[in-house]
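Okay, so subunit A shows up in both of these, paired with subunit B first and subunit C after.
Showing the complex of A and B:
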């Protein structure tokens, strides 16, 4: 038992160290980009037509605290985040980041996890089936769809769908909420409205994820099926679905569980661009805004820390689940 | 006999009384700009004061309000539920608009797009904007709006505005001259709120004083003449008033209990509340407490600051904003219907240009002009029928132009760039017609840069076509004269000193079209000047410009006369602000450091500086004014500091169901977008 607790403690400490390093890297990289947030924000006002002077920019920098040296800013920020959970104010939106993201985190995570679940729900049975099936039509269809999912970038897929719906239906499938629910408080009706529009990004993101998972499961199954213990089980008289589920499938699932964190990361990497295209107002498109358009260090840093924390947490949990599931590890830990 | 006459006279007079009484009580004609129904024009075109209209039309006006106004008012948190009848909501001296086409219908929601909070929003802001005065749609005449009238003193050091009796803020409280003084003294000039006062509230770096003569009369006293002050209140986004009754109670200088009041709402002090409402900026799109303090807004007396505009915010999120009509708006139409006709406005944020175009093609917005570029015009024009909208291509005010770094750190290059013959040659080497055809779909107008756009009518038109003819032969001979010959036979000329010359043309797409740059580079190569074209980010361009590293400056510039009267940046080194097209950086250093650093500018530049300052103080339209303007244009254009290429149009989008919409003269931010075209009298009709 002690060993198990030690195991957990080590994992936890490693997670926190990872988080610290990632946040520092993010902050530093944004520092290297020319043109800080104050200048970008005010540049925007100038394209609106107002006349700006250098003093205005410097005043803005002072107001945002951007004139302080880099290390002081970086460590103040990290201190606030890790000890108080306060992300500060977004430079470009002038709002408190905690408020800004409180709603959007759930939207983004909801869509990402939705895509992830969709992909496993589809990939696991289909992968197992396609490993054992001899039906050429079924096999080739599965192969074709999964290769398409692997090859077609999700943003291209999103663009194609938007183009199709605009040309043929005269409606752009953009936005997470219809007008009536956009500003309303959360309710069952708003949730249903959200689902009625979120299915499309979930499908787009899920397709690539499904293809990956499907190929993985299929390959693992093919590996396991030829192993001796399966032949032995067959010899003992177990066959059909029973055979599949009790033996090779359970072993193939191990690596799949291991890769949950990785899959979520991949989905989340594609989400910002898809969200930008479909004008989904959630955390991913906000991240692209902060990184590319406005150089908003605070906001980008906050989003990336949250994202990293989520993935680190998921990896932490899957590590423990695996440890409990795999009898070899379990024996070793629990003694 | 006598009694009969008396009776007759009595009956006659009674009859007269009744008849005149009946005509005096007749309802007012539906006079519109399209058909004035015989009503004589008032002092200012397209609009009237109440007494003026009743006299000219021979009628007595009765007022009607929007039948849904009580419902709309209920959505404004902070307004009393019991809405007074429309006669009491309007000022006793309302402004009367003759709508462009027809008396409007109440109802509907105006759908618009912006980029993001405080980004790409000035278009939409202008739709509901009000200020003391306004430019007429001819972009030359100034007419009243919030102010009923104004008066200058003889030497332009005193400007008096006359406000409207009974004018109320959107929460029903009276609007008076005190609100103007409050804005100036306690917001615009208070260092706790505006760290440094903006240029537009100062005259020559010194402050004005604002006097309240009586509740409807306010006077600005200027330390020096500035005839452009009136125009400022016509084209600026900065409204010259803020609600003293509302913000004043949180201002520590005006209310000793300000901080206590603020703490009750959960704010640190009174100034924090003012910041939450006013955003410490005259821009009216800064986040309201709904967005910047959602956890505290319920404890504040109102969701958003009261306004005089035609609509007021009721929701404010990072996805968009929603507005409803202001029940106390001060303008009515010629039949006494209170404006605005449109009940609600909905603004959605879409930060990607392609997505915005897609939304417009699908007809999901009612009006858009800002951020639409000529390059999107073909797609928008193609889908007009399908989306049921109309596109208008109107000229922009700014002109694409290029400059040579006349204070280049490399003295050999500097010598060539500073030679007028070189700049003349380069201007003549550009094939503007071809550029117009290829890059601007033939829709642009080749023009020379004169500093003004549009060119004022007292300046000779010849300057607009100065040296824009395509004459590569003359260009080559001028370059030969300077001493730039091709000595090593590679097809490109060297500097007179013999060193190789390669012009680096680093540009940003935010400032100029890539196609224009490439074609000009090609044209210059054809007369023997080697060029390399490279696209950089706007930040890189600006910082290279600041550090005097550019060979060729490229951006869009020009300003209308009304702006030049308050802003001299196009005429004084470095000839624009930090975000624009700057050239002659070392001349600017010399001027700013009073001669201790930098390079002394030539005489014509010093004359430009003196002229523009004198220009800003001369009475508009006087002989001196015109003489100075002429000389400024001559000095600027003859010396080709900035070489103009072409002026291009940009698309203006309008859904066909939007009525009372008049074609704009220009596609520009100057004059504040839709403000001269009276968007407050638009209405929606399927």
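Showing the complex of A and C:
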């Protein structure tokens, strides 16, 4: 038990170190964008008809703490993010980032995790079936679909669906809420409305991940299915679904669980593009706004850190699940 | 007869010998050749690359605004014909078009096809000039400016005697989609190759050091590599692409985009290289070289690198489609290469309106090329991987 706690501690520390490295890189990137907050604020005042001088900018820099050395600012920012969860203000929008992102984060994460679940629900059974079956048509279909997942990126997939629904059904599938619910408080009706619209982006987000997971599951099953322990089990008279689930599927589940974090990574990568095409007003498109159209480095940094933190957290959880599931690791740790 | 038999036997022996003495590369090649899908994909890929490389020769018009056809905007594809109701012709022809605007057409420009006006296809026509070596760098300082133009030609594969021919139609400003598609394939290809190359150099240095020296250096480098790998790629790319000033030239943007691709792509490759190095490092021949007093640099260059070159090439081939896809996705949302530059992504940007699906379906032709291109690369990469993995034969 102590060993197990030790294992969890080591994993937790490693996750935190990863996050620290990432947030340091993100902060450095934010700094590299030309122009700083003080100049932005002052430039805004300038448009209001005020005359500004170099001293004004310097005073503003002092007020925002921008005159301090680089490393100190980096650690202050990282400290705020880690210990208080505060991302500060966005200079362009002049709004608090936490306020701005609060429910958009949950929507984005919910949709991404929905897409992740969908992809595994589809990929695991189909992958196992295609590895086991000797049916060439089914096999080739699965192979083709998983290749298409790469060649037909989700932005194209989303685009096709959008175009077809708009042209042939006259109804645009864009947006996450209908008009009457957009600003309403969360309720059962709003949730149902959300579900009735969110399935499409979830499907599109899950599309690429499904194709990849399918390939992984299939390859792992193919590796396991010819091994001696499966033959031995078959010799003992176990067959069919019983054999599959108890022996090779269990073995190949480990690497699949391991890959969850990277699949989530992939989904997050698709998120902004799909969000832009489907005009979803959640996190993904906010990132595009922040970067492409206004150079809002604070907002972009915050979103990057949040996305990465989610992936790190998922990796941490899957590591522990894996340790609990695998008897070899479990016995080593729990004694 | 006996002579025949003898010869056969000998060649059998030779075959066996050839098999056992074949180098890694030869084995991979012969296994790759027996994979039909991969071979077909390989040919398609070769054709696409050649089309891209000779895009200027193959395309009758300049893919930029300079080559636009003002009289044929949003024009549908013109397919050359050999015959119609007016008779047969050995020389393929297309029809001339007229563009008019009047009360009858509700004051919109309408293009009508004049079936009486035949325009014959000509081959190896003289057109706009292009050069294969065209360096024009404006570096700081007079001395460093490079302006070299060589291998200049003006011959194009085909053209028509008057008016224009647009095999894939034209876009809204009258640019020839066929010419743009060919150039776009090459642009995306170049971008991907450059990105993969940068990623490869970084990965080789970082992964190589990490695998060869091991110890705390390895742990530290692995930690950084893993940290970068956890950041979602597209958002990271977007954050980096935001540094691009709007006023930069197309070439500069192209190089920066490729560099960013490389900087994002290296961690996965670095891990693979590290694993290769790690597994080879403990082999006896490395120990022998070390005992002979060879330096680390010598061992890495002369012993370690050749031992897994073929695997590295395959890894690069597998990474390549991801790079192209990333570039395309970014160009598509307007953060990468944008419209005046022809890349597959910037061409696809044009299809994102419902109007296009209803009226100008030929805008989708570059999308088909993109899918074919990616599929071909993926199949070739997979074929190579299967060919390099000796265990695969057993399974089949």
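To be clear about the criterion, the second predicted complex is superposed on the first by the 293 of 335 C-alpha atoms of A that agree within 3 Å, B and C clash if a C-alpha of one lies under 4 Å from a C-alpha of the other, contacts with A are read in each partner's own complex, and residues count from 1 in each chain.
In this text, contacts are C-beta pairs under 8 Å (C-beta built on N, C-alpha and C of every residue); 3 or more make two chains touch, one makes a residue touch a chain.
None of these values were measured; they are calculated from a predicted model.
Novice: Which partner chains sit in contact with A:298 here, subunit B, subunit C, both or neither? Use first/second/both/neither.
Specialist: In the superposed model, A:298 contacts neither subunit B nor subunit C.
Novice: In the superposed arrangement, does A:99 touch subunit B (first), subunit C (second), both or neither?
Specialist: First partner only.
Novice: Classify the contacts of A:55 with the two partner chains as first (subunit B alone), second (subunit C alone), both, or neither.
Specialist: first
Novice: With the two structures laid over each other on chain A, which partner does A:166 touch: subunit B (first), subunit C (second), both, or neither?
Specialist: both
Novice: Using the superposition on chain A described above, determine whether A:156 touches subunit B (first), subunit C (second), both, or neither.
Specialist: second
Novice: Please work out whether A:108 is in contact with subunit B alone, subunit C alone, both, or neither, and reply first, second, both or neither.
Specialist: Touch partners of A:108: none, neither subunit B nor subunit C.
Novice: Look at A:25 in the shared chain and tell me whether it touches subunit B only, subunit C only, both, or neither; answer first, second, both or neither.
Specialist: Only subunit C; A:25 stays clear of subunit B.
Novice: Check the residue A:276 against both partner chains and state whether it touches subunit B (first), subunit C (second), both, or neither.
Specialist: both
Novice: Can you pull the subunit A residues that subunit B and subunit C both touch?
Specialist: Comparing the two interfaces on subunit A, one with subunit B and one with subunit C, the shared residues are 34, 162, 166, 276-277.
Novice: What does subunit C use to touch subunit A in their complex?
Specialist: Residues in contact with subunit A: 223-224, 226-236, 238-243, 321, 325, 328-329, 332-335, 348, 351-352, 354, 356-358, 367, 370-371, 374-375, 378-379, 395.
Novice: Residue numbers of subunit A touching subunit C in their complex, please.
Specialist: 14, 17-18, 21-22, 25-26, 29, 32-34, 147-148, 150-153, 155-156, 159, 162-164, 166-167, 222, 226, 261, 265-266, 268-273, 276-277, 287-288, 291-292, 295, 297, 300-301, 303-304, 307-308, 311-312, 315
Novice: Can you tell me which positions in subunit A touch subunit B when the two form their complex?
Specialist: Listed in rising order, the residues of subunit A that touch subunit B are 34-35, 39-57, 59, 63, 93-96, 99-100, 162, 166, 170-172, 174-175, 177, 179, 182-183, 276-277, 279, 281, 285, 289, 293.
Novice: For a test of understanding, state which residues of subunit B touch subunit A in their complex under the given definition.
Specialist: Interface residues on the subunit B side: 116-122, 195-196, 199, 237, 283, 286-287, 291-292, 294-295, 315, 317-320, 322, 346, 348-352, 355, 358-359, 361-364, 386, 510, 537-540, 542-543, 567, 569, 577-580, 669-670.
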